[in-house]
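Provided herewith is a single structure, encoded as structure tokens, for subsequent inquiry.
Lettered A, B and C in written order, each chain numbered from 1.
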Amino acid sequence: MKLLEVTDLTVTLATSSGDAQAVRNLSFNLGHGEILGIAGESGSGKTMTALSLLGLLPYKGRAEGSVLFDGREILTCTKKEYRNLRGKDIAMIFQDPMTSLHPMLTIETQLTEHLRYHRKVDKESARQSALKLLDTVKIPDPAAALRAHPIQFSGGMRQRIAIAMALACEPKLLIADEPTTALDVTVQAGILKLLHQLRDERNLSIMIITHDLGVLSSLTDRIMIMYAGSEVESGKTSDLLMNPRHPYTNGLISALPGASKDGKVLTSIKGMPPELGNFASGCAFHPRCAFAEKSCSDSVPLALQISDTHRIFCPINPLKKSVDIGV
Amino acid sequence: MKSPRVKRKKNSNSIWRQPLAIVGIAIIVIWFILAIFAPWIAPYDPLSQAGDKFVTPSAAHWMGTDELNRDILSRVIYGARISLPYALLLVILSAILGSVIGGISGYFGGKVDSVLMRVTDMFFAFPGIVLAMAVAAALGPQIRNAVIAVTIVAWPVYARLVRSLILNAKQNDYVTASSLLGSSSIRTLFVDLRPNISGPVFVLAALEVGNALLLLSGLSFLGLGAQPPSAEWGSMVSMGAANFDRWWVGLFPGLAILTAVLGFNFIGDTLRDALDPRTAKALRN
Amino acid sequence: MKPASDRRFSSRKIFSGAGFVPFIVRRLLTSILLIFGITLIAFSITQLVPGDPVAANLGQSAYSDPAIVAAFKKQFGLDQPVYIQYIKYASHLVKGDMGISLSSKRPVTTDLKEYFPATLEIALIAIFFALFIGILLGTISAITRDRLPDQIIRVFSLTGVSMPVFWTALTAFYVFFFLLGWAPGSGRLEPGADPPPHKTGLYTVDALLNGDFSTFKQAFAHLLLPALVLAVYAVGVLTRFTRASVLEILGNDYVRSARAKGLPEFTVIRRHVLRPALLSIITVAGVAFSSLLAGSVLVENVFSWPGLGQYAYRAAVGLDLPGIMGVSMVVATIYILMNLIVDVLYRVIDPQMRDLK
């Protein structure tokens, strides 16, 4: 049994101009000790997917469908059941470590408060686990760090602390929302290495969300690409990056620096990502797609299996030939 | 992921969809109708002393009569003719004075700015009502002088707001662009910045009408504003204080002040919520 | 290995290194300048407007005898040019001398010592009450945003700031004293009762210091109603303000982090939201407190409360410049002091502030 099985997840948000679907009929799963990357431009629904798993959707947001965590349906959780899930079984780290830690609370408080609440441990043993955690995420001088405030640390160090915070209750699933976007490139590598190490040591399942495919290439086992709230392509990291089949994925990869090698079809993505509530009909990508046909705007595309582990949501499959030639 | 900046849409944040604002507008409209058509609406002459004193509220006198036999309902209706125009005048005067000072301060910056802002700080530290009482007493107790007195203490809020708005706008590209195009500084101030400033100043003014009414009627209550026999709400409450066992004498004029102030505050508060959060924050401090 | 840039870690102490002492000194100096600026403004304004202190204090009839007018003017230095008057006033002020009140004929400092504690007593109760209710209602309002409790609290707080305080005082006095008989009459004590021996000037505190519990009860009963009436406006202001700051903080990433940790909502609000919100709430409360002192003019008038407001009123009507200046000084000093305390609090409570400023 997979750790996480998401089926037909739809997230609806209230905007100033009425309800809008931010995530549409999304299905995916994640195994124990697996690292899944979810990629897409901003507004593609990646973060809302993550927040819906935690029951943390913004004001007046709601999620429908099914989310099985460890075999248990969690979308129907009460507030209290969600609280027992969050932090304890599913932990999350956020994009900007400069703002995601509380500026006025000491690191010790922030590292131990949920540990003490969920595990009912006393102050001293919580402190001891906090010290171990800081050591795990490689913070120098953990004892001094416990007494410090976030302002005293650099961005990379803060993200390490945020990871330590997430690990405090030994969760089964870690959701990392753009964990390296706000950091320097050199610091990014360290954080990614740490995440990889945590998976290997603890058999932790990680769902990492990013708009930067480069970040995913070295870290993930599988990747899912999202556009306008829906999946467009998913597969093993190597398959998807080497053999992208969906025009959108292909465009994303071509847009990576140094990606335009010989034998690859270069498709630039014209236009802008659509705004929430303004998604095109049929295949939402068709207005920007170089291969779009008339039928593309008619119906929502169904999954097309390329292999057991690789699928796209594009009935035309326009990259088939060129890829076959390339291989 | 940052949520995309939501543009303000005309229909969604419209004041007409806010029940509180509608109630506020209704109250103010009613008071203005009463003020304008007072001679036709009021059952008695507000100054007439015919009849009995301290008549309890009855069919003949819905709000009773006061110490000098005058009909309180008629006086409350006529009172709107004094309180509302003077409160509005006061707000307009202090908004103009404050905007000019804040505008100069924000636009020229440097020494001018620091001197003017220090002065503004001092006025903020100043107990407004004490200064207003002193000025009103010195000028002689008249409603017109009370307006002058309160204007002297009420302008700093506008100055601070306008200054911060100009400083914000100065950083925006379009002002830089218009300076690049060579438009003169005064032109920039009045043509390019005005729409961004007039909105928040209007909201602040709407919020301040209520305070102006409270201060003016407070001065009249103390005998430093409108003088007898004029039917001013604050001084009518003060007659109620002198005869506090006759509850109706002070109750109704006080309710008149309360409802009018409440009306303006309902409108102002809704308008403030409709502004973007940063400007709204500047208004709150 | 991690690159060196990732290892930055600074350990700063609150009161050292971040320039705490120079900060305090600088703030104190500006405060003193501010106070002198205020005396200058008050002086100029009261001089600019035409008023006749002689007539105000001795009556129009005094003019029939020029000798009396001259003596009065000489006694209070009114015969000298304005700038000399100001320089004299300012040089006395440095020594803590605020001059002689025209209306009471006593040193202003003596008057203030008598009247200020009376106002302080009701204003303190009022501000604590307002803080308690305001933070409670404002937080509820923010958490239940746009739902029924929020709407009700919104109307409630807007009504609070719309009530003419002199009328509220009158109505409260009528209902609780005249109709129900729950509240004692006006004044600080029952007529004829002896005040407790003067130590702080706060009757409740002085009575307790003296071990006189019945006087304490009497003094407390007398100050309750005026204090609550005075608090009404501040409750409204603080409720609205608390709602806004809590909503603003609720939108912060760190609150989402706290929720993602599965903490109970009460802990999230108390520890992660209210703590940062408290800073700005206290700032506003500080300002509200000094406006309560001034706003007591109208309440004291109704309750015959012998405080600063009544004194200010008599000074204003009597065109008693030293008296007006004295009251203004007290209120302005407290305003400035409040701001100073709040700034210091900011630096102690908020580490971010401490390092950035």
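In this text, a residue touches a chain if its C-beta (ideal position, glycine included) is under 8 Å from a C-beta of that chain, and two chains touch if they have at least 3 such contacts.
The model shown is predicted, which means the values in this text are computed figures rather than measured ones.
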item: Contact pairs, highest-scoring chain pair; value: B-C
item: Relative to chain C, chain with the most remote C-alpha centre; value: A
item: Approximate Å spacing (C-alpha centroids) for the pair chain A, chain C; value: 52
item: Gap in Å, rounded to a whole number, between the CA centres of chain C and chain B; value: 23
item: Junction residues of chain A - those touching two or more other chains; value: 95
item: Residues of chain C whose C-beta touches two or more other chains; value: none
item: Complex interface listing, chain B residues touching chain C; value: 20, 118-119, 121-131, 133-139, 152, 210, 214, 217-218, 221-222, 224, 234, 237-238, 240-241, 244-245, 247, 250-251, 253-254, 257-258, 261-262, 265-266, 269, 277, 280-281, 284-285
item: Chain A-touching residues of chain C, taken from the complex the two chains share; value: 2-3, 5-12, 145, 252-254, 256-265, 267, 271-272, 275-276, 349-352, 355
item: For the chain A and chain C complex, residues of the former touching the latter; value: 54, 56, 59, 79, 82-88, 91-92, 94-96, 99-105, 109, 113-114, 117-118, 138, 140-141, 144-145, 148-149, 151-154, 156-157, 162, 165, 184, 186-187, 190
item: Residue ranges of chain C touching chain B (in the complex, touch as defined); value: 34, 37-38, 41-42, 45-46, 49-51, 56, 154-155, 158-159, 161-167, 170-171, 173-174, 178, 240-241, 244, 248, 284, 290-291, 293-295, 297-298, 301-302, 312-313, 315-317, 319, 324, 327-328, 331-332, 335-336
